[in-house]
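This is the structure, below, for whatever I ask next.
Chains here go by letter, A, B, C and D, matching the order in which they are written, and residues are numbered from 1 within each.
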Amino acid sequence: MQVGLVHYLTVAAVLFGFGMLCIMTRRHAVGILLGVELILNAAALNFVAFEHFISGGVSGQIFTVFIITLAASEAAIALAIVLQVYRTHRTVMADELTDMKN
Amino acid sequence: MNSFSLDNLQSLTWFFPEIAITVGVIAVIIWDLISAGLNRIRGIVVITLASLLTSGFLSLAYLMRQLAGLTPSMSLFGGLLAFDPFSHLFRMLFAFVAAIVIVFASPSSETGAGTRKRRGAGEFFTLLLIITLGLNLMVMSRNLLMIYLSLEVVSVISFVMAGFKIDNRKSAEGALKYVIFGGMASGIMLYGMSWLFGISQSLDIGEIGNQIAMATAQNGRVPLVILLGVVCMLGGLGYKISAAPFHMWTPDVYEGAPTSITAFLSVGPKAAGFAVLIRFFEEGVKATTHYDGRLTPWAMIAGLIAMATMTVGNFTALHQSNIKRMLAFSSIAHAGYMLLGFCVFDQQGKQAIMFYLLTYALMNLGAFLVVAAVAERNGGNEDIATYNGLGSRSPVLAIMMAIFLFSLTGLPPFAGFIGKFYIFASLLHVGGRWNWILATVGVLNSVVSLFYYARVVRAMYLTKPDDKRALTVRVSWGTTIVALAVPTLALGIYWAPIYDFMTASLLIGR
Amino acid sequence: MSRSRTKYFWAALVALVAVILSASAWAQQAMPPQQRMPQGAVNQPSARTPGGGSGQIAMRVDGEKYGPVEMRRDGKEFRGEFWVANDGTGPLNVTRLALRTSATDPRLPGGAIVAFDDGKTIATIQPNAAKKAIVRWEVDKAGGVTELYGHVIAESDTSDRRVAAMGIHAEVELGGSPWLFNHILSWLTFLPVLGMLAIFVMYLMGYKKDENLKWLGVGLMGVELILAIWLFWAYNNGIGRAAGNDGFQFIEHGVWIRSLNVEYFVGVDGTSISMVLLTALVSFVASIASFSVKTKLKGYWAMYFLLVTGMFGVFVSLDLFLFYMFWEIMLLPMYFLIGIWGGPRKEYAAIKFFLYTLAGSVFMLLAFIALYYNADPTYLVDGSPVLHSFSIPELMRVDFLGKNLTILTMSFVKVIWVVLFVGFAIKVPMFPFHTWLPDAHVEAPTAISVILAGVLLKMGTYGMLRLNFGLLPEATQWAAPAIAVFGVINILYGAFCAMAQEDLKRLVAYSSVSHMGYCLLAMGALTPHGIEAAIVQMFNHGTITSMLFTLVGVVYDRAHTREIGKFGGMATEMPFYTAFFGFAFMASLGLPGMSGFIGEALTFVGAFPVYPVMTILAASGVIFTAAYHLWAMQRIFLGKFREDWRTSHALEDTGGKFPEMNFREAMSLAPMAIIVLVLGFWPRPLLNLIDTGVMDLTALVNPPGASQIAHLGDMASKALALLH
Amino acid sequence: MGESVVFYLLAALTCVSAGIVALSRNIIYSTIALLGTFLGIAGLYIQLSADFLAAIQVLVYVGGTLTLILFAVMLTAKIENIRTSNTARARLPAMAVIGAMLLLLGMVANSTEWPIKIAKATPSTAKLGHAFLSEYMLPFEVGSVVLLGAMIGAVVLARRAVKRDSERE
């Protein structure tokens, strides 16, 4: 079977699914952030695949470049915050951070 | 594409508000490095205020030019950004909000500017300016890439701002939750964008709109893939306006962040989120309430989100004891009211949202300012119990707070009532069963909201103070509070000029 | 906050107001003119034929687009002129220039005519030319009407058949001081706000002698009362709807928010005039009763003034938006007045009152918006055309039933009617929405109880008459039996509850519930007598219940308790007080010769032909009413005086004796007592005042059959005459 | 045919390592597995004729982001309980939800008629370079603003911690 668009979309969808699973089930803050990275990669793969198979041009790839860049900067901030949290709470388990409750 | 689409160089002429802010950013960084002592902080405040005011007035100038018909609406940078009255109006609002927050933040110790060593002040104001730049870009974006980028500018900096307090458990915790939710929301939004890109082969939202309209006309209904893409995008934007079910970060972040940042986050990004939402649904989805006599999925989804947002916000706010947290939930509820206006997808709804945003900016900033002033004198304690007897301890502050709270409730003769009135009027103007249900839920919610706003009023006036000493407030804060309360009252009595001005300006240019 | 800083705030405030005002002015200047089109306005016609061009009609006064034409007095006649212009490219034939009125719907008082300056009502106008038109009004032919608000319309034969309108306005100067008397309703409404501002200024200037504020309060309320009495004197009770101006007098009418078609529109007619009088009276009396308030006086009086403004505003406003604003404005001061200066459970009572009323009124707001969007196209007072309107007289003309609208698949008129009714019923308060009332009354300070019972409750019934009856007469007919049923329930339930009360104030509160039931029953009958009875009962209950609450306050000030069981034999202690109390109670239970009787008797007369069974039930309520009144009186005043009072803590200052009523307290009771007595024997002035209004209202909700029409006026006045 | 095989291998690498990221009980394994995902996607990018992207995917993600994440893990995890460092909760309901979501996504992807026009696989680096300096100039600049902001932000968040002890005195 010829590898086509749908194959790539499927890979991206699986990545997206695993990413969501991470976010929904993980307790470790970094674990959740790994899930976010997976989702971002899923979206990026989608963009490149769509560009390759459908639209042509460069806009899809450009978008992906920005996704990668911003993911990196976001990760930097996120990890700095994780360290802050670890310093103040001595834990990074998301469900143990309960200073503020309704 | 637009007939007035300027290339990169030509666009610079119409990009001065943003350039002013960028120059401000650089100037603040340099000044922060070369000066010391009190001069450092003074200089920084002056530079930031100057760049914001320049930005605001330039936007006003552009707006006046456009209203006078001297400059047409056009696209900048080859179609990436829109240059239309709609964006000018929002840019003015952002300049105003950011300027207020700067006045607010400069003597505050939470941000570092008010401490003895003034550590972190330079960074604080730099970041505030960068967020404002991001907000400006958000409201101008008419391209998925620019929407994503500008949203990310705002998000990334907001994460930092939320965690700005040194070694503060709540601040760090709030920031972490913010980052997690923010990352997830932008991821989901990107995923949705990629589907939209796939179906329309373009990042330009106008082009996407054409494709969606075509596909809808062909199928007789909205194709599933488009629905999926748009719903995913709603996730990202809903997170920015803290609409349910993407609101979970809001209370923690608002409670943990420095109060000035809370005030900013509750107004600026929310307004920008609404601007993007409106522009995307008008240009990119071409949404209407009814199609072929049936309710469109857009009206359905937006209505459901609006109802959920209001209800969650109001009912959770009922049993909060921390005032910042309570106001956080109230800001969620207000996003819900504004979404009601969004549900009708027409000019009147837009006007209602815009007017509501203005009044909301006034009263919410004011309320947070009072919170900051009271908390500062109570050693950072933000409990509602600290408001006991405020009416006798600081009459002016208490009256202003009462004005803001009643305005937030939506009682005449305060501006909040007029905002709500326009929202409900826009719903009933379109009419139909769904809108009547939405309006009914809306007014019920507004009754519920009285409970928790009145709790603060009760604490201020009906409860005896625990501490009888007078509570003083800095002159700069006091003046700002009054400056926000006066229009809150005045706009409730005579709002015609402002409303008409907004009506004239709320054109999304193509 | 320190004094010097307060000065900064004051300065900031003034500066800001100035900035905002100038910015608004500037913003309006800067706006391109076409953007100023009112919401829903009929747009400029684009129907220009491609060939020769066509005319486009426009009206201007002194070069301005918006009127109204201010007519000037010239001997016996008012005269005003304006221009009919042609803004189009071709010639314009004005086919008719006329006043906007008709025989069946007389919007204007008689005696007005309009024509072009050549005396004709048709004309041909060339492009970019204008023709002068002159409007005249002979006051003598107007049948006593002293003002005129209306429109001149001009029709043209252009393809779009556009009708242009120009507002006209003429007013006889009243009392030699038009700045005061021609704006009497605005003065009545906003004078208290000035008092509030005065208090604010005093606060800023550091004025400390708060006790003197009561003189400001009494003085201001006295001025209000004098103005109201002048209003009563100047009100022409012969003017009904048919006489023009929709039967309203002392109208002030101007555009407030053009983009929303909201107008500042106030006026009084037979329905509202008595309520305005009552408000002035009760707020004067309550201001005297307020002397017993000793704490936070600046706040108290500021809130009191705001409350008075809200009350007047509700009764005079003729624009739904304005009405709603005033309706809600009242809530805030009431919340604070009960919550700060109230009794032990004040917070609970205050928030309960607030929430009940707000819950009713937010739905009312939706109803108002729905009415607005379903109104017919009309003109604002300045002649600008609008698609929708908030104006109550305009909405009264709209046939909502005939539009066959639905809300959530239910009939529009019924839903709106029910929503409005519930909103007002909460205020009345009607069973089952009454539970806020006893709490609010018991906790509120005396003066506020007086206002609450004397005026606020009447807003509910007034709202029903003005809006439910006025705007949705068909739905009123549909629901009339239900109103009556609720009225009877109120009467009986209130009376039974009152019997069970130990707290004197609670007893009076429940008696209010019972008495307001008479209004509902009378209203539900839809007969002229019924509606008249409702208004009379509203007025009388206002006066009587004010007395009752003042009296309760008097004894509470002395004994610090209101428990009926703790008293006894008070007649010997305070004979003068006992006399007053007996008088008020007799009036309240409806003893003939006092005004309470008139209301009840009229109610029965009005309701009996329509609801015989219910009326009999209600009449049996009179027995219970008498029972609890007399029983309470007996327990308090007769029997043996309890000697433990002699040593009670409450009477320490007076050596164990109950001091007799003082002059101030007597003064706060005397006006009401006189009115109760006078109206009891000679209700003619009150009835005269409201007769025409009642007839107009009856004609709306109870349209006579074809055979009756010719005799309606005669028959009704005969019927009324029988009563008086 | 060879291309297909390569695709399936890469897809398998990507998905399996993503699965490990999502399901492993050890945070270190999860993090390392992310490397596989990133590399797999880089490979897929090459297949999609996005060679430049593949390069920066490796450079930025593997070289930058992943290293950062590893640092964060090392600095925050307690080494003694590393085996159970990455516990999860409510996995079953989440899997059910996500399964349903994936089904929906698959259905949509399959049922939509994509207007496919396969272009020749050409290197795109030069085109990207041109685009960045013409059409996408502004996003490029905005991207640099984000990076500036992130840099300042990271400094703000980190510096405070370092200086905290000396400030206390």
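Basically, contacts are C-beta pairs under 8 Å (C-beta built on N, C-alpha and C of every residue); 3 or more make two chains touch, one makes a residue touch a chain.
This structure is a prediction, so every number in the text was calculated from the model and none was measured.
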item: Centrality ranking, top chain (CA atoms only); value: B
item: Winner on C-beta contact pairs when A-D is weighed against B-C; value: A-D
item: For subunit A paired with subunit D, centre-to-centre distance based on mean C-alpha positions, whole Å; value: 6
item: Subunit A and subunit C, separation of their C-alpha mean positions in angstrom; value: 63
item: Euclidean distance of C-alpha centroids - subunit B vs subunit C, Å; value: 40
item: Distance between chain centroids, defined by C-alpha means - subunit A, subunit B (Å); value: 26
item: Subunit B residues counted as touching two or more neighbouring chains; value: 145, 149, 152, 156, 159-160, 163, 167, 195, 198, 201
item: Contacts with 2+ other chains: residues of subunit D; value: 105, 109, 114-115, 136, 139, 143, 146, 150, 153-154, 157, 161
item: Pairwise chain contacts under the document criterion; value: A-B, A-D, B-C, B-D
item: Subunit B partner contacts - residues on subunit A that touch it in the complex; value: 12, 16, 19, 23, 29, 32-33, 35-36, 39-40, 42-44, 46-47, 50-51, 54-55, 59-60, 62-63, 66-67, 70, 73-74, 77-78, 81-82, 84-85, 87-89, 92, 94, 97, 99-100, 102
item: In the complex with subunit A, residue positions of subunit D that touch it; value: 3-4, 7-8, 11, 14-15, 18-19, 21-23, 27, 30-31, 34, 37-38, 41, 44-45, 47-50, 52-53, 56-57, 60-61, 64-65, 68-69, 71-73, 75-77, 85-91, 94-95, 97-99, 101-102, 105-106, 109-110, 114-119, 124, 127-128, 131-132, 136, 139, 143, 146-147, 150, 153-154, 157-158, 161
item: Complex contact set, residues of subunit B against subunit D; value: 8, 11, 22, 25, 76-78, 80-81, 119-120, 123, 126-127, 130, 133-134, 137, 145-146, 149-150, 152-153, 156-157, 159-160, 163-164, 166-167, 195, 198-199, 201, 223-225, 228
item: Interface residues, subunit B side, partner subunit C - complex; value: 64, 67-69, 391-392, 394-397, 406, 411-413, 417, 421, 424-425, 428-429, 431, 433, 436-437, 439-440, 443-444, 446-447, 450-451, 454, 457-458, 461-462, 470-473, 475, 478-479, 482-483, 486-487, 490, 494-501, 503-504
item: Subunit B to subunit A touching residues, read off their complex; value: 144-145, 148-149, 152, 155-156, 159-160, 163, 167-170, 172-177, 179-180, 182-184, 186-188, 190-191, 193-195, 197-198, 201-203, 251-252, 255-256, 316, 319-320, 322, 325
